[in-house]
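Next up, some structures in structure tokens.
The same chain A turns up in both complexes below, where it pairs with chain B and then with chain C.
Let's turn to the complex of A and B:
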């Protein structure tokens, strides 16, 4: 009994036809996951922070703590 | 001993560490040169014996012809290129003749004798455990201990004085300054500090 001739051609094409859609789908899922898992919450966190942000109050607090060299705390 | 010992790179003791790694990976090969049986090791050991024999001129060593088929006891070579015994006595020759007939007529001793003519060691003999692991482990620990001594000497004589930035007091002041500056106040460092209560969230 002789064996069937093995497949000699189109091996790369067959592999690509199988793996490329999966690769694209997984990459898309990863990108969407990152967008809604990381970037959107981060944008929201920044928006919330700056909604109630008083720059002058923060500056005065830092000045009194003594971190600046150009302007010293009001005590000195 | 100052705390910076483990944070500094180990340069001097790296030589000893390399020796340790070397002993881990190659001791088995070195001590079992005969067992490995690879051509390179064989050639090296044979060359060594012939050179030393010529220099010592006590006895003439057999120079092995590497271009001919060789017998070798290897686990991955069940049927070596040639049988073990080259020179057959008259009794061996008659036994070989008997081997050409039906094997059911061979006695157990004859079968064993034929085996020993063709092979040097059986598989269980090749696989027999040795006490080499004790040497390996001992060598490892010796080098480990020596490395430890080198590290200790290095910490005592080589390292510069510890930077003042490692002190507890300095680190506390550094932390307070970072909070005062509001480092990463949105998602990072200062975001985790509760400024009203004066504690971590």
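Let's turn to the complex of A and C:
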């Protein structure tokens, strides 16, 4: 009984053909994950912050808290 | 200001800083993309029983790893150039302030209408009141009107310094004998801190910058009071 000749060639190519698409796919997933997990939420957070932002109200609150040097709270 | 164990940028307080934040996110996304790819390939190359691991002479892969990086570089360059030109736009400032670096304090001159000038020294740690920030507070703050374009002319009287306020997205070298110009708009009222960003001697870490953005009427009241104090 004779054994089948083992595959001796193209081993690295086979490994690369298996692993490289996975590598590219994973890196795309990482990039898309970062984009929708960090980048887009941050843009939305800034948009939402300024949509509802009342500068006068915030300034008055900071003034009364004594944050500013140029404007003191009403009591002082 | 920065808070302990902070990793990212401070919250943006100017439109330019917001753009810079988003560009940084874009560039970091590309960095993660490349790093994931490289890390996977390293692990795949290291965890193999194959002994012949080196490809010789492959036209296809040479094309791929030339074109792909070129495309990635263009994807980084285009938003980068957009922000560069955005920062350089003609901005028609409402106010010009001169910030002069000294060893080891800043001085500010508001000379558009009257001659207002004052020095800004760090408040020493032992003189801080509760709630104040160590190494960041100054005795006189640079007060500006909120939502107005401000031009700052930065220079130095002795050695190199650098005027930087991270929340506003501003950093400009203070070079003796040279006037450098930068501009910004404070989008919201508040107090924004920065530190000297060019080594300038023993107290380089102890000459902070504090910018206070208040509504215009309060800025006008403050500048009138400062002029009165100066004339006494």
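Following the convention adopted for this analysis, the second predicted complex is superposed on the first by the 58 of 76 C-alpha atoms of A that agree within 3 Å, B and C clash if a C-alpha of one lies under 4 Å from a C-alpha of the other, contacts with A are read in each partner's own complex, and residues count from 1 in each chain.
Methods note: contacts are C-beta pairs under 8 Å (C-beta built on N, C-alpha and C of every residue); 3 or more make two chains touch, one makes a residue touch a chain.
Since we're looking at a predicted model, the values are computed, not measured.
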- Query: Taking chain A as the common reference for superposition, should the pair chain B and chain C be classed as clashing or as fitting?
  - Reply: fit
- Where does A:46 make contact in the superposed view: on chain B (first), on chain C (second), on both, or on neither? both
- Message: Touch test for A:37: chain B only (first), chain C only (second), both, or neither?
- Response: neither
- Message: Which partner chains sit in contact with A:21 here, chain B, chain C, both or neither? Use first/second/both/neither.
- Response: neither
- Task: Quick one: classify A:70 as touching chain B (first), chain C (second), both or neither.
- Result: second
- Message: Quick one: is A:58 in contact with chain B, with chain C, with both, or with neither? Answer first, second, both or neither.
- Response: both
- Note on the structure: chain A contact check, chain B vs chain C, more residues touched by chain C
- What's the minimum Cα gap, in whole angstrom, linking chain B and chain C in the superposed view? 5
- Query: Just which bits of chain A does chain B share with chain C as contact spots?
  - Reply: 42, 46, 58, 62, 67
- Message: Looking at the complex, which residues from chain B come into contact with chain A?
- Response: 177, 180-182, 185-187
- In their shared complex, at which residues does chain C touch chain A? 12, 18, 21-22, 25-26, 28-30, 32-34, 36-37, 40-41, 44, 48, 50, 52-53, 55, 140-141, 143, 146-147, 187-191, 212, 214-215, 218-219, 221-222
- Query: Quick one: in the complex, what on chain A touches chain B?
  - Reply: 42, 45-46, 49, 58, 61-62, 65-67
- Where on chain A is chain C touching in the complex? 11-12, 15-16, 19-20, 22-24, 26-28, 30-31, 34-35, 38-39, 42-43, 46, 50, 53, 55-56, 58-59, 62, 67-71
